[in-house]
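Shared between the two complexes below is chain A, which has chain B as its partner in the first and chain C in the second.
Presenting the complex of A and B:
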């Protein structure tokens, strides 16, 4: 019996071909657009998070207890080097890096600005977060007092490759010390904090400037996908301030949540469109065939069989639309993942929020599974109204009406 | 056997009784009958046929099919009764457009749960009698009116119901096709021992049936 009902449902779904094609196009286009938007939102968020992790916090960062409140040298981690070695020995840790940070004043002959001087080991940073990918202009060279400057800070101080700057800060004894630096590269990380205030120099120059030992660091940054690691480190080093990426970057968490809300709203709107589309087609299709259903009931077909037929018709429409939507969606996402969406004309606005000007989409299997279940649910729901019409149908009225 | 006892049916406009469509109908129809409800338009032929077929409700009285009262059945029970005991042939054929002739004929058998083999054999048998065996794979819209009505008769007969109710089955057919259809239905009545009741003005049907039940203004005359 089911085979016959399925056959009737299948044939009825394509009985009015132009109408069916129209609804299939509607489902496919809205679904593929939704997948593209979802991929772009996620891609944008992931890219931003990824760059923030690589350029600053890693997955986990460790500071001395009071350092994040009061960024003075006395709050540096004194035994950072042995600590780093200990952490490197944990199996799930992919990379560990030490950074020394000091806030102070960066000056040129004409301008000065607040800046944050970061002592880094370029080779280690490269392994940690492919640091060279952040280079916007010049070269990654911190030898001989070479410095890499954040792109926004460079604009503020009107710095170019080869420009000279003086950075002044307090050393470990409370004395004001300065270092003359030559700009070798301009860095763009899309991490607003770094782009607007960071100057990167060789960590060894930093030790000298602050008069601290090479065992000292302001931050230990760790790359690891191990979700248990944070708790392990918190327990192991209760005297230190162990923080996850999202604890350190609440904006990122907010952005992730916002993207989730945007995606949910888009998802809801598209599902509403799908629901209304199928509902409309099903309703018109049922109205066209009221006589047929009346006769079917008249000759003894149970309502439950008619219900199965109508739900199947709706599901067939939705499923066919889903297949086309998924194909177009994959093509869109692959294109956007490879070539991106170029929004250079909005570069200033986007960069000021820390976004890339070319947005690349990510592809997740969950896009397709979630959409599949939502479309199937929408199709079953959209059969509900036409079914009410059929349930109320009095066969005799239909039979009388035709005579 | 069908028995009607003091059957009354009214048609309403709002809450007012507009037409007394069936008036105190008392009637016995024996198994295997080949009968006609005749009378002028609006006399209640179709209403009576629909009441017997549990398609329409009556306002008073009782209708029995094989001593089982059918007027008090629920809608689902009536649907089941129509499926198992009654075959319908309508004026407008009412075949399912997406199914081919073979599937249309076997449709009720399928609903009743006959096996595919039983359905296939029975469809072929009936299609042979009604001379539509060469059209089994055709869709209804490719058939002539006469052929479509024969498919409708085949569908009604295939599952061997107790009774077939045919409402103006020849109204859309020319005289040649009408004669052919009624002759075939008579053969089926004799061969299959299925009661067939017509509601029609057709003179050829009137000549062919064994009993004519006349109605006027909703009452038997």
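Presenting the complex of A and C:
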């Protein structure tokens, strides 16, 4: 019996071909567009978070207690080197790095600007967050007096490869010290703070400039996927300020939440309209065949079998639409994941806001599963109203009726 | 034909209600969403212009790209005289900006020092209104700093404390002096407040050998809409190839681009909603048409032309769309108007996005009747497009086939 019902449902689904094709196009177009937008927005947020982690805070960062409020040398971590070794010995830790940061004035022959000098170990940074991937122009070279400059700072100071800059800041004794640097590379991290103000130099030059020992650091950054590590470090080092990435960058968390809310609202509205579309088609499709259903009831077919047939028709229609939508959606997402959405004509704005000029989409399995359940639910629900109509039918009156 | 269309609308209630509701929803969505986008962009721009950037600024060519003392405006008084004859300019002032190192007893930091004409500046920007402690500058202020709160915090100083200034004068000589903190301000712009200190231009000109010189002249216009016309007048009055007069559209290119990008994403999302709704309206129209094939066959048989059938469909969608818009437009307009006067406030949003230059928690809507009218036209256009396929479908039947259609 079920085989017969399935066969009838299948044939009826494509009985009015133009109508069916319109519904399939509606589902496929709306679903693929929605998936592309969802993937693009997720991709933007994920890319930003990933690069922010790799370029600065890692999964966890450790500072001396008052450093984040007063960024002074006296608030640096004094025993950072032994601490680093200790943390490296924790099994779940993937990488640990030390950074020394100082704020001051960066000047060229013609321009000056507020800047932040970051002493880094290039090899350790490479292991920590593939630092070389942030290179926008030039080369990663901080040997001698080489410096890497954030892309926005380079624009402000009109710097290019080979430009000379003087950075002045206060050393550990409160004296103003300066260092002459040569720009070897321009860096784009998509971390606004770094892109607009950072100058990266060799950490050894930083020790000399600030007159501090190599055991000192302003920040210890840790890469680890271990979710328990944060609590462990907080307990182990209560005298230090141990923070997770999202605690340090609440804006990223908010951005992620906003993307989620926006995608959820879009998803809900689109699925609601898709539901209305399927409902309309199903309703008319049932009304067109009221006599047919009356005859079926008249020759003894149980209502439950008619119900299964109508639900199956709706599901077949929605599922076929879903398949097309999923295919187009995957194609869109693959294209946007590989080639991205090129917005380089708005480069200035995007870069100053910490975005890349080409936005790449991410693909998640959940996009397809969520949409599948939503479309299936919409299809089953859309059969409910026509079914109520069928249930109330009197077979004799229906057979007599002229539709 | 019109009355027949009206009768059809009343007769096919299901399709009429669905089309009405979907058109109503899409109209509200489009008008309100666009109003919110435009309003928030306008507010961002106005806030930025209010703080410091002028609607028009006059530079010596090369100052913005290369910078340095040789690109300072050298004869400010002459330019000021020329500007005084141009209609539409509310006020103007010259500014001298330089970067310098400031040191308190304990701390040093880099800062932008802006020498301003305090009386004129008070009319042009919101710097004076942003006063939080102490006093604003006046023309006779001597070695007084009016400093952003963020900068004050960095230097760890309070009113009356001394700050050492070390910089380069306009003749490239070394300049140094002791200043006192006379007042503090908070504009809400995170970067501006933590890097900027103002000083009276009269006093600073002596220190920097910058009499009759300026980095640029900032201009406020009576009406922002006329900014391009006024800028053209300025260019012709100045008649000097070594100078450039730029409007906010160039000065704030980054912000303008950012708003464009934001609009692009907004319109992409809107397009998704409108396309889905368009399809559903078309499907309802098509389903309705396909159940009336026989009726159209009979109408054609008694002499109705294809054009008349198109007219019938057109009138049906016109009436339904107009009815929906008649309800949606006043409602959406009221929402836009209400929120343009009483902006939505999201507490903490400016603090959260301070690095992005967001200075207010308010999200005002824009109430622009012409914009609402254009959006209504888009809805009409989409609904008219939705009858094309159903019409084409009817067109494929001959009158005989149509009248026999079951």
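Here is the rule we use: the second predicted complex is superposed on the first by the 400 of 403 C-alpha atoms of A that agree within 3 Å, B and C clash if a C-alpha of one lies under 4 Å from a C-alpha of the other, contacts with A are read in each partner's own complex, and residues count from 1 in each chain.
Definition applied: contacts are C-beta pairs under 8 Å (C-beta built on N, C-alpha and C of every residue); 3 or more make two chains touch, one makes a residue touch a chain.
All values reported here derive from a predicted model rather than from experimental measurement.
Here chain B and chain C are compared by how many residues of chain A each touches, and C touches more. Shared-chain residue A:348: touches chain C; no touch with chain B. Once the two complexes are overlaid on the shared chain, A:24 sits clear of chain B and of chain C alike.
Of the two partner chains placed by the overlay, only chain C lies in contact with A:277; chain B stays clear of it.
By the touch criterion defined above, A:179 reaches neither chain B nor chain C.
Judged by the touch definition given at the top, the superposed model places A:206 against neither chain B nor chain C. In the superposition on chain A, A:105 makes contact with chain C only, while chain B stays out of contact range.
Touching of chain A by both chain B and chain C, each in its own complex, is seen for no residue at all. Those residues of chain A that touch chain B in the complex are listed here as 1, 4, 7-8, 11-12, 15, 291-292, 295-303, 305, 395-396, 399-400, 402-403.
Remark: chain B residues 46, 50, 55-56, 76, 79-80, 82-84, 86-88, 90-92, 94, 96-99, 103, 107-108, 110-111, 113, 155-156, 167-168 touch chain A in the complex. Within the complex formed with chain A, the chain C residues making contact are 14-15, 18, 22, 65-68, 98-101, 103, 106-112, 154, 156, 195, 253-258, 260-261, 264, 268-269, 271-273, 275-277, 279-280, 282-284, 286-287, 290-291, 352-353, 355-356, 389, 393.
The part of chain A that touches chain C in the complex is made up of residues 16, 18-19, 22-23, 25-26, 29-30, 33-34, 37, 70, 72, 103-107, 109-115, 158, 168-170, 174, 176, 192-193, 250-251, 254, 262, 266, 269-270, 273-274, 276-277, 280-281, 283-284, 288, 343, 346, 348-350, 352-353.
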